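In the part that follows, the structures are each spelled out as structure tokens.
Two complexes follow with chain A in common, the first pairing it with chain B and the second with chain C.
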Partner chain A sequence: MASKASAGARAAGAGLARDPALAVTVVLLWAGLALFVVYPLAMLFARIVVDQGHVSLAGLGGILTDRHQVRAFGNSLLLGALVGLIGTVVGFAFAFVAARGRLPLWLVATIDASVLLPLISPPFTTAIAMIFSFGPRGLVTYGLLGVKGFSVYGLWSTLLSEALTYFPIAYLTLRPILAAIDSNVEGMARSLGASRWRVFRTVTLPLAIPGIANAFLLLFAASLADFATPLILAGNAFPVLPTQAYLQITGMFDLRGGAALSFALLVPALIVFVLQRYWVSRRQYVTVTGKGAGQTPFDSMTPGVRAALLAVCGGVTLLIVYFYALLLYASLVVALGANHAFTLAHYRTIFTDGAKAIRDTLTIAALATPLGGLYGIAVGYLVARKRFPGRRTMELVSMIDYALPGTIVGIAYLIAFNDPPLVLTGTALIIVACYVFRYGPTGIRATIALLAQIDPSLEEASRGLGAGSATTFRRVTLPLIAPAFFAGLGVVFIRSMTAISATIFLISIGWTLITVKILENITELSLGPAAAFSVFVVAIVFVVTGAIARAVRLFRAPGATQVASLLGG
Partner chain B sequence: MAAAAATDATSAKHAVGVRVEGVSKRFAHRVKGEIYAARDVTLDVAPGEFLTLLGPSGCGKTTTLRMIAGFETPDEGHVRFGSDDVTHLPADQRNIGFVFQNYALFPHLSVGENVAYGLRVRGLDGREVATRVTDVLTLVGLAGYEQQFSSQLSGGEQQRVALARAIVIRPRLLLFDEPLSNLDARLRVQMRDEIRDLQQRLAITTIYVTHDQEEAMAVSDRIVVMNQGRVVQVGSAEDLYHHPQSRFVAGFIGRVNLLPARVTAIDGDAVELDALGCRLALRHAGAALRVGDAAALVLRPEALEIVRADDARAVLRGVVVARTFLGEKVEYRALCGDVPLQAIRYNSGPADLVPPGMEIGLAVNVDAAAVVPERES
Partner chain C sequence: MMNRHDWRARVARALALLAVPALALAATSAARAADTLNAYSIWPENWARPMFEEFEKATGVKVNFVRFSSGEALARVIAEKNNPRVDVLFGGPVETFAAGIAEGVFEPYKSPSFARLPARMKQADGQWTAIADDPLVFMTNDKFVKEHGLKAPASWDDLLNPAYKDSLQMADARTSGTAVTRIFSILEVNGRDENKAFAYMKKLRPNVQLYTKSGGGGTLPVGLGQAGGGIFFIVDALDTKAKGYEVTISFPKEGIGTAGEGIALIKGAKNPELGKKLIDWATSPAMQSNFAKYKINFVPAHPDVALEPSLAAILKDVKLFPIDADYAGANRKRIVDRWIAEVLNP
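On to the complex of A and B.
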């Protein structure tokens, strides 16, 4: 890609001096990145290491050696590893069945739709459904099995909920990889005498290893950063870092301690980021394409294996469908588990008491979505096709907030914009900026990926036909990167509707969010309105992303493997 | 390719014949519904023979090959290796060597491991594997390449690895699916000679798929021409070229002038035709014709000799409209009335060139001409 990018830079052939529009754009983007990415993190870091005017690591050391916090750190890693493991295995099963099962198209579409549900839901959705099913008055534990005093809180429920929420990342990462393996390569192994199982073991699996590692890392990072699920389900017995950092700040008013805790998250998150960027990406196998590639998929499975895998995937899909049906049902009855009389009261509540949260959330989403989409293609295009000083650095810096857990970003914004010179706390701008710089990078990645596949000669041809740089961009490049733009739009919108981990630190009396309202409802045990809110968000997101996907097939765009970045709220 | 001494490392024990009997394969097509990729295909391949399936893309040649390999199962008909019915035998139990157009090398394995794969599957011990890998790599001219990865190799080298991997298991049958299409023109000619040479030395029954008629003629003992899922004609290269039985074969094999003609008389195998207002007598009709039938006269460019307009041998008269100088030969396009004709002349010196615009006569070498029915049967 680097060579293509430099070729593109040569093709564009414009230095900053010769192209004032480029210069202005670059300066504006750098200003935005400096202000909303670098500055907050610098302030976060300064808050941790500067104590009453002196540089001191005592505060950091103190909190990081606290036994309770060390346990939280260990728990976070354990949970992340388990979610990564289970989610990758389940995701692989789904991807394998979808790519190789020779399933009818409608069945694949059904799997896709139900698997996408967790990806576009507000973060508490599966957690609420878990409580409905396995809580003190749970349908399964209390209603069906009659268990009294059963505790839903702890590692297992958090793990189940997160694995169910995040395994679609593994599915979406692995499916294109399995589908891209040249069926001739596997057919060749078979004709050399290998059984189906041996082909799987010695060819299919080794070729999918980079994808599997990538899926594991993505899931690990998603779980590590997940704030909402453990807040509801982990309970006191199983503290994890993001919730500890939140409680340190909101419960004990210890901003510095919270900052230090969030900082501890940084290390594993950075390791994951570096592994992905510099290890996994170098290990993708390029298969020579030619005739044969992309014909009927290799027949990997005996009917028995196929049936078994279908049963597993069917079970998981049913569980997802059950959880969402339960959520819908709970939003329509007086009190699930106690009074199952039909009512619309919960919806009345969210459109009266919750009206402000809905209005605020939609306003912020309406602002963040176009800005985030534009930011994504602007940075993506510049980085992939133009040559200017600090190009690589810009790409790297733009990825920082995307790679970091939301808790860190939220606390950094809180610290940076609470005091002069720039007071943004209490405004909508701080939330919009957070969304743009945290979720816009999906558009950057999609744009870069797309442009890497488009030969610069297309743009050269336009120049050669006499079109200027601006006309070429408008008539050739822009239509080509439109799918990336829409992919970016979709992700920023989804996250604007569903994120909480960063923005919970940024809400105010003036501006609040639906997700925060859901959290309040859950803590007040008014689960009906929480369910109604969740259904409302899922419905809105489904309709809007459906509209976008219909215009441009969102999840089929070359940036589709970046759908992973849907997560991390 | 390398020394003949290495051949014993891979030589097939005994060549096997292949019989494909009335095989059909249907696929679901998005627009057309169900279509036949292969329709009632019957082939007989003699032990040790080099047979080529030739046809345009979509003619069913690759599907037929894949059914012989076991990658597809026929909807009807049978495939036999010798006396064994292998129709429903999975690919891994057929003991065949297959070479794909895109080579299908295992990208995660080195050259040595790629070649060793089939031997390991067969449970051979390490020393035997190493010896046979070394021998076969020497045979294909890649000695010392064991540790390389396919991404480091040129297209021709990858092709040799694919070939080595296919023959090292001493297959009963060697199958090629357009193996040379990804190579440049010069390498293509070199590799096809090497493949033919290797096949002769190993005496393995070989079935080869290509859409390139020149390649087919260069390597094959016999050629099976296919079109729209069916076998159209089977024969040696000379046979197909000189005695095509349909317009399709005449047009597909080599370059041709196909002229409308009418059968005026038949005498045993000889036939008399009326074409472009001239009367021509051919000694062999080849195809089944009746007097009065509309037919097409098959005239290869080299069967038309350009002569002076007033030459006694001139059967047709026309005007040269274009000339392409190719060194050893010169291609002419002429108009005979309003019928375009192509003719080839071997270059015998600068004085011999005929300029465009010149009126010429054309002599016809009737021994090199053929006649086919006007309509496809």
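On to the complex of A and C.
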């Protein structure tokens, strides 16, 4: 088997022709991407530029040069960058404390649990808690501090709410990375005389760079695409593009203008993505030749630093816990702010009138989670480790639905799958596909970042010893990237339970979702049932992510044989 | 170098995974009863559900429905134009329906009640028919009003009082029929002099804390005292009061607008006969006499249905003017665009 591959490509693996498993996987993934990412957007784009049978860009120029839309565009970038920055810093602090703080296990578990809270409820739940707490008659601003006429709408509240909602993504991305850094390396640097700060700056931080870049990218994209939080908190002084696009479509019935505004969002998302790829790929991140078990964590922090970090994390955790205690309270009283008598009526309501939404949501999540998790590691692994035509393009295409605002993805799906040849509207499949291709990329990014740390020679050795690429993947790579797989799995499940922006267009007579019910309850002034639904979602997600965490532990202890059996190998 | 058994097993697993959603798809399309019609409801579920249950009791026809805000419902109906998923669009301000006519998504149909309705309660060709009428009101938070030494506003000019600075919430004209009705009310009050009306709205702007996405979006903040007051449809305002929030409903002496709530048959509906049955029922006293029973504070559109006494008492001596559908329809887009340019983003 003569190979014309270069030395670098040899390390990356075999070509398509002599690796049928790779070929089949690549073809399947491309089929999925073509059908559920490219095709809907192409149909949407056609709807934008084809005007009564003619290709026309007239009218689009007007909306893209409008000074209010330009301002909204600038606001979106500013907000995304700030959310990315603050979210990554906070997420890193949490991940660092959890991975390196030598904390007692119960404290790590507590941090884990409370950090997950914002991720596992719809974004507007945090936004509503913000208004209750910091509004003109807010519990904190008015009730506690006695400030009158405090304004809650604008950049700072949107920023705070989004950072609080999305920083757990950074935490979930960074923690496995920090945990994977061989602390023996840090220990050695320390014993060679480097100060803790120097070890952190010259060893730990550079090794975490791919993770940090990923976290920033994910947060920036998430903020860029979020419309629910700005819709409630940004007010009229701080318009952002996703909200404008949403209003353009749902309010002005201007599908073309709204779609054009959304496409404008794709540009910054792609720029950040390309920068990050270029920057990350220029660095060497191979630190381990396998992850030794049973090492003692390196003591990275002086007591002072640890106390300061704990104070920051504690403060953030406290704020989150307070927000959700408020939510729980609202679900247990007749009407928050008017009648604080205890009642369980709201829970009765959600399990009778809301039973169908609960059933549908759980079914869809059960379908989307395994598919999304597999999709994440499959694409991530192929992109990071294999050579095949269109590899970079696949990575790019797989990120599109994540970067685009949900509104536009939802409308694109609606347009593409409502008419033959492929009619999917009204089915659960359309919602499942949306979740897999929109939230699977978290797993892709996590896998790529983790693989950047693992020397390909491990896999080479496996192949050298005669294992096929599928066996190598299952027995060697999979156990190594398991943390990324579970991060991806967790995020897809969480989003399946909590997302709304895209799927609000995809629910139907046959399939509805809890999140849509919550939004509806909020508009109907039924805060109690909205809060009860949210508490229910939080509880379910806690149980499932807890089970996932247990699975991770199961993985780590007895070794690779059990890994394979758990994944059905 | 490679293990043949291994990749075959992999392919088989991948195919098995693909089969799962396919089965789910098959299962959903199977479940469709004979006497069932599908509808998008713009009315909130807690009003639409009892109406549809009464309809099923009366006719044996079950209504499958999902609720959307007016903008979302219309965007959906338009997107599904070539393959309609529902038979009827139910509830919501008639100006939403007027916007749908231009898109050609409705099938004209005149129910037996059609001839009995006043002109503004129907579209001449029967593209939509009104099932209720909904006046606007001022709603203020009692504590806010007392703290600032005010009285419940009794004139449009009362809202310009600097005491309300940054304290009013009302709907955004880009998304809400409530807002469009409000703007046309201000036009009517000013004798349709657009410059005068816009001068008023610009003067009101500093007192507006937030323009909300939905018409009722500001009611909870006003109820909680996060906002001092606002302009809402009476159904939303009375609902706020019924929840126990301490608010006062008042009307301007110059008069305020009222807007119809509509129903329409979707063009290309899969169950047109059942859809017509629902329209017949909803436009007649059969449905509208149920409003009072379920504490839905709409004014019935059909002249034969008596107004519920407590609602009648609230509306007694109130100067209401209907929004002229033709005038509003012809000028809506231009007025909303001007509102966005001059009031929302000055």
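A few remarks follow.
By definition in this document, the second predicted complex is superposed on the first by the 324 of 569 C-alpha atoms of A that agree within 3 Å, B and C clash if a C-alpha of one lies under 4 Å from a C-alpha of the other, contacts with A are read in each partner's own complex, and residues count from 1 in each chain.
Everything below uses one rule, namely that a residue touches a chain if its C-beta (ideal position, glycine included) is under 8 Å from a C-beta of that chain, and two chains touch if they have at least 3 such contacts.
Remember, it's a predicted structure, so these values are computed and weren't measured experimentally.
In the superposed pair of complexes, A:Leu247 makes contact with chain C only, with no contact to chain B. Of the two partner chains placed by the overlay, only chain C lies in contact with A:Ala428; chain B stays clear of it. In the overlay built on the shared chain, the residue A:Pro370 is in contact with chain C alone; chain B does not reach it. Of the two partner chains placed around the shared chain by superposition, chain C is the only one that A:Ile509 touches, whereas chain B remains out of contact. Chain A is touched at more residues by one of its partners, and among chain B and chain C that partner is C. Applying the stated contact rule after C-alpha superposition, one finds that A:Gly314 touches neither chain B nor chain C.
Contact residues on chain A toward chain C in their complex (touch as defined above): 1, 14, 18-21, 24-25, 28, 68, 131-132, 135-138, 149, 151-153, 231, 235-236, 239, 247-253, 255, 334-339, 353, 363, 367, 370-371, 374, 411, 414-415, 418-419, 423-429, 432-433, 463, 466-471, 504-505, 507-512, 520, 523-527, 568. Per the touch definition, chain B reaches chain A in the complex via residues 62, 69-71, 90-98, 100-108, 117-118, 121-122, 151, 158, 165, 169, 177-178, 181-182.
Note for the complex: chain A touches chain B at residues 182, 184-185, 187-195, 198, 202-203, 206-207, 285-293. By the touch criterion given at the top, residues 1-3, 6-7, 10-11, 13-14, 17, 20-22, 24-25, 28-29, 31, 38, 44-46, 49, 64-67, 69, 71-72, 74-76, 78-80, 82-83, 85-86, 99, 103, 165-167, 172, 174-176, 208-211, 213-214, 216-217, 219-221, 223-227, 236, 239-240, 243-246, 336, 340, 344-345 of chain C touch chain A in their complex.
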